[in-house]
Each structure stands twice: as structure tokens, then as C-alpha cells.
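Below are structures written as C-alpha cells.
Shared between the two complexes below is chain A, which pairs with chain B and chain C, respectively.
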Partner chain A sequence: MTPPDPSTLDPSSVTAAQIEAWFRRHIAALIGTTPDAVDGGADFESFGIDSLQAVDMIVALEKWLGMPDDLPMEMLFEAPSISDAARSVAEARARRTARS
Partner chain B sequence: MFHLITDHNRALYRGELERLHRARKAVFVDELGWGLRVRDGMEYDEYDDARAMHIIGFDTAGDVAMGIRVRPADDRSMLVDHFAHHLPAGLRPFDDGRTWEVSRGFCRERGIRKPHLMRKAACMIAPLEIALEAGVDRYVGFTDVRMLNLYYHIGWKLNLLGDPMPYGEGDGVAYEAEVSAQVVRQIRQTWGLPTPAHIRIDTLDDTKTVHEAAARIAEADPLQHQLLAPPPAAPRPMAVLRRPQMGVV
Partner chain C sequence: MTTAFPVEQGGSAAAIRHHYDVGNDFYAAWLDPTMAYSCAMWEGVPDDASLEEAQHRKLRYHAASIGAGPGMRVLDVGCGWGAQMRTLIETFGVAACVGLTLSDEQAAHVRSLAMPDVSVAVTNWHDYRPQVPFDGIVSVGAFEHFAHPDQSPDERRAVYRRFFTSCHDWTGGRGRLSLQTIAYGTMEPGQANPFITGDIFPAAELPTLEDIVVASKGLFRIVRLRDDAPDYARTCEAWAQRLRRAEAAGEAGADSALIERYYRYLRLSAAGFAMRRIVLLRLRLDPIGKPSRRAG
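On to the complex of A and B.
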């Protein structure tokens, strides 16, 4: 199933599944495939993403979520899988919303 | 580990400097297709003179993994000589004795996990450290716009000099970068880097090579030890986008 277009979602109530969909779309665009082909169980490094692309990705994610400079790179790139990273980001987003 | 090579210790690094220029040829000429001057398989330009300083990070085999060049901008600079049309009027003069230029930065090391990113941060903090020590308060440079997010994310404080413009290899923009104790401290804290992040080997003492001397330093300093090159990443099944990770003009 093709993930929904994340740009249509409200980032203030975003879920881990929606963040994962965002990752899959972003990675698919980078490596020239479809979001369906991006395995959520794989880690980011397995897609051959380089550091420039990694930084661009986290900047774009922070912008979408309204969390500028708020997400440590380890949260994404040390995670064992894209799905795990999405869960961590969703939790960080929820904590931030609860604080504000 | 990140070696600082200046006119004072250049004699110790003859082989390493040759490998640096071969790496620059591989990155800028072979991979990026830039029309730069190549001699004997090495890329050199008019700024590779006695005033040029190089920061080089080596891989586990002792080959050049990343590098960056800095040089005082008071006599000449790539920015004025080649990109003057990108510069706005009224800019603080480059010959004020407090301005250096950064150029020919590149990284051939792949990897997005913390050890790799720490090494990139170390390579990028080193120019700031040595400039600060020399009483310099500003770098100038010209970069492809695709590099900007990396600069910002590492912690460089850039002031873009005008709007991005095509430079023949993409869109580029001139910048000046703040050199201050505050910027250095912030980057150091963010990335957990040693003070300083680079090493300077001026004599070999009882070691045979600069790499052996560096290994001694790493043995004595756990933070420097963290900056040793991690083992090469295992081959990955998916296609890799072929692009140098850190190329500036």
C-alpha cells in the first residue's frame, strides 16, 4: 500500500506510522524507487544515504514537524530501523507538544 | 584523527600530501568533473603554496578520507580572484589580517552513524580552531548551496554574501563564517570533540611515521581515540547514490 502524502497531514498530531511514511517517501525519492519498496525494517544506512542527504533529511523533517534543531541525528541514524526511528521521533514530538 | 599540516611540518607529510592531491583529483576532477589543473595525477592550484594549511583525516589504511585547505586571504583569495562577481559591495576587506579562506573541502568517507559524523565535525571544527589560535575572526569561502545544510548542522555560523548564483557546476554562494571561541565551544560540545580536535605533529621523536606518532596520541587521549577512522562499512545491498559527501570549491 502506498503511504499517504505526509504533506497533507497535520504535524501537530502526527503518528509514528505517518512519520515512517514520510521517511519512506523521502528515501524513495533519494534512491529512485517507490515508497512501497522502502523496507521500514531496514536502517537508514542500508539505503546508501550519505551525510549530506542525512542532514538534508533531518532538516526537512524538523521543518515539517515544526521542530527546528530539535532532533538529534542519532535518533534517526543510530536507530535499528526506520520504524524505530519513526517511533522515537513521534515520542519526541509528543513530549514537545506536552511541554508547550 | 585530523592532522594539521603547515609549512612547519610539511616535510614530515610528503607522502600524505601527495595522497591528498591525488584524492582531490579523484573527487573534484574525476567524480565532479571540474576542469581543474592536474599534474602527475594530482590536483594543485595557485593557492597550494607555503601559506596553505591542510587538515587531513585518514582512513584505517592511512589513505586520505577527508581534507580541507585554509589559507590567509590577505594577499590573494579564490573568492576575489575567481568569484568577485558573486561578492556584494561594501564587504569588509579580505586583506585586514583577520580573514582566512577555506577551500577544497571534501570527504570520501561514507557513513551516517555517530563515529562518522563526529569525524566530519572534527574536520570542520579544525579550521575554526587554528584560525582562532591565529587571531583570525572570519573565514570566507564559496560553496555549493547543497553544502549549506551540512555547514549549519555542524555548527558553522555563516553569513551568505548575496544570493546563490550558477557557478558552472551548480548553484553556489559566497559566505563569511564567524570564527570565535563561542562557535568553537558550541561545536565541540555538540559533537563531543576533544580540545583541540586536530593534532599537530612537528617531530617524529622515536616514531617512524606521522601515523605512528598519531597512534601514540590516540593511546593517551580517549577523545582523540574516538576520532580514529571506524572500520569500513559493510557492503550494502541497495544502490548508493554516487556523490562526494563534502565538496566545496
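On to the complex of A and C.
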């Protein structure tokens, strides 16, 4: 149930699929199910995640990706699906890596 | 949660103190040097302007909105730590400012600045009875505190109506009002996150734009209305980052639970504004009835 160890990942090459897997594990732990049961095509609100849980999730994600304060929460809330959000986060991560 | 802060006319003093009296040092650690604890303005400043520059821009905007100038007496309803009054006096040459706040810590801070021609009163606007009329009024980030969740929509509008009536009276029907407030956007009353309404800002209920239009009708004309929600998203993000940096530098105090509570609140608020679930209204209201004290 733990996310992949970030030290084993090249920060510049975290893929959308890895981020989606992270989301599914995180949500599964929150709602008490297995990651496989979390549909990547569903949006975040459909899991009954409240905004406080969403803050905690994005802070945990930022920590994992090593990009503190850098992901706008609306990237999650406004995404049509978890997969879309994961893609947006991966793009933001790539942009940030390119800048630094 | 609301029972701890019962309805008080014009806004709950206990609720205001709950939020603002956690300590001036805590706020000073992550607000910009002006100590402005309200939405900054990024229009009219360079794209890469600092939070402090954008706060000064906001302070000048409100001063200009009321036509502030030499010889005028200005009331600041919800004066915070005094930044608006300083701008009015030092940049616009206003003769005198009176600030109202319900927070003892804010009042003490303003007094410690020892600004000539500035006075501060720890009083609710509802109970305020000035001896001499003002030439203009600024109110930034206070209107959000006026209504209580336990009040009906009609009761809330009556409170707002009372406020606009008071502003009209305090200027003898001749002074402008520059008002800045958070309002409901696509989010409806009752949908607010209990964390924000209950814990961070107890006993607060946001207005809607319609509330303001209805409550000010016949007293003030709305001559300018801006919704600057993106400005507040950017302000909250800047505060969140500054809070984290202050925490890392050991400058935000030892209360890690407090820091975490505010950090989450700032991140949540930034998202709320970015998605326009809540919005940031800036209104210039000109009095109806008598000629304005100042042209321009």
C-alpha cells in the first residue's frame, strides 16, 4: 500500500502511469479498498474525498515528487479523471525539471 | 461549531479574536512587510512583482477608489494591522484616519506604529458612532465577518443593509466606499468546507454579489465592480509558500499544529479561488442622495 520509493525513481522521468498508480494507492487507503478497485477513469470527487483529504493528498504527492507547494489543487479537482490529473501532474513535473 | 460563537450584531468579536489573536508574530512570519492580510492586486504591477508590491498596489487602488487626498478624513472598517491607513496618510496625504478592529492584537500593533493622524478603536462597526463625518470609507476583508451562518438569508441582508446605511450616515451621504470582500462564486452557502467555516473562520458566512446589490440599493451606486478571484488564488499561494519557508527557518513559532492548519487553509483557499467556487469582489460605491465630497 505504500507509494513507490521516490529514491528509486529518476525525478525527471516520473511517468503519468506512475503518478496514476500513486493516486490509486492513496485513494484506496483513504476509502478502504484495493488500488485495483480504484477506477482511473473516475474523477476525484466521485470517491467522496473531501477538500481536506485532497489537501493532504496533494501535499503528500508534492513531497513524493520533491516539488513542495508547486501543484495547484485545482489540477485534481478540475480533472475529468484521475488519469487526466496524473497526466497534468507529470507535465507540470517535466516543466519544473526543465526549468531547474 | 457555530454555538461557540453565537450571533452578535455586526460580527462576532469572539470569532474575530479566535482568528486574528493567534499572535502578531505568527502573521508577521509569513505576511509581507505591509502585514496586509487580504487579497493583493497584480494588475498594474510587473508580472513578476513581489507580494509586497502587489499589496501596495491594492492599498493604492482602494485609496484612489474613494478619491483620497489632502484634507480628507477616512474611516477604515476592519483596519487589520494598519497598512491601508499608512498608505492613505503617507501616499495620498489624507488628513486623518480612524481604523476599526475587533482584534486587540491588531489594535496594539497599529498603536505601536505611532502614526500621527491615525487612531484605532476596538469596536464593532455596529456600535460605532463617530462625532464628525468622514469623507470616505475603505473596508477590505471585513464584510466576510459580518453575517453568521445561523442567520437566515433575510437576516444576513438586513445586517449588510445596516452596514451600508451606517456608511452612508458616517459620511453624511457624501463619501465613497471602497469595499473588498470574498463572496460565494459557484459554491452555495452551506457547501463551504467545515474546516474553513468552523475552525479557521468560526461564525463567518460569506455574502453573495446579489446580497451586496440588494443591500446597498438606494444608498450607493455600484460604479465599479471587479471579480479578482485569480488575484486571491495567487495571494494565497504566495502566503502558503512563505509560511512553509518561515517554518523551515524556524520563524513561524513552535506550534506546528497551528502552522499546519493555516497551511492547509491557504492551499484550500487558493484552489477555491482558482476554481471560482469563491470569488474576490472589489466594489467602488458612490453615495446616492447628495453630491460627492470630492470629484474625480
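A few comments on the model shown:
Convention: the second predicted complex is superposed on the first by the 88 of 100 C-alpha atoms of A that agree within 3 Å, B and C clash if a C-alpha of one lies under 4 Å from a C-alpha of the other, contacts with A are read in each partner's own complex, and residues count from 1 in each chain.
To be clear about the criterion, a residue touches a chain if its C-beta (ideal position, glycine included) is under 8 Å from a C-beta of that chain, and two chains touch if they have at least 3 such contacts.
Note that the structure is predicted; figures quoted are calculated from it, not measured.
Once both complexes are superposed on chain A, the partners chain B and chain C clash.
In the superposition on chain A, A:41 makes contact with neither chain B nor chain C. More residues of chain A lie in contact with B than with the other chain of the pair chain B and chain C. Legend: residue contacts after superposition of the two complexes on their common chain; A:31 is shown touching chain B, with no touch to chain C.
With both structures placed on the common chain, the touch criterion links A:74 to chain B and to chain C. When the two structures are aligned on the shared chain, A:52 is found in touch with chain B and with chain C. Judged by the touch definition given at the top, the superposed model places A:66 against neither chain B nor chain C.
Note on the superposed arrangement: chain B collides with the chain C stretch 75-83, while the other options among 57-65, 75-83 or 129-137 stay free of clashes. Touched by chain B in one complex and by chain C in the other are residues 50-52, 54-56, 58-59, 73-74, 77-78 of chain A. Interface of chain A with chain B (complex): residues 30-32, 44-56, 58-59, 73-74, 77-78.
Only residues 50-52, 54-56, 58-59, 68-69, 72-74, 77-78 of chain A touch chain C when the two sit together in their complex.
Against chain A, in their complex, chain B makes its touches with residues 107, 110-114, 116-117, 120, 146-147, 149-150, 152-153, 233, 236-241, 243, 245-246.
For chain C in complex with chain A, the residues that touch the partner chain are 193, 195, 233, 237, 240-241, 244, 264, 267-268, 270-271, 274-275.
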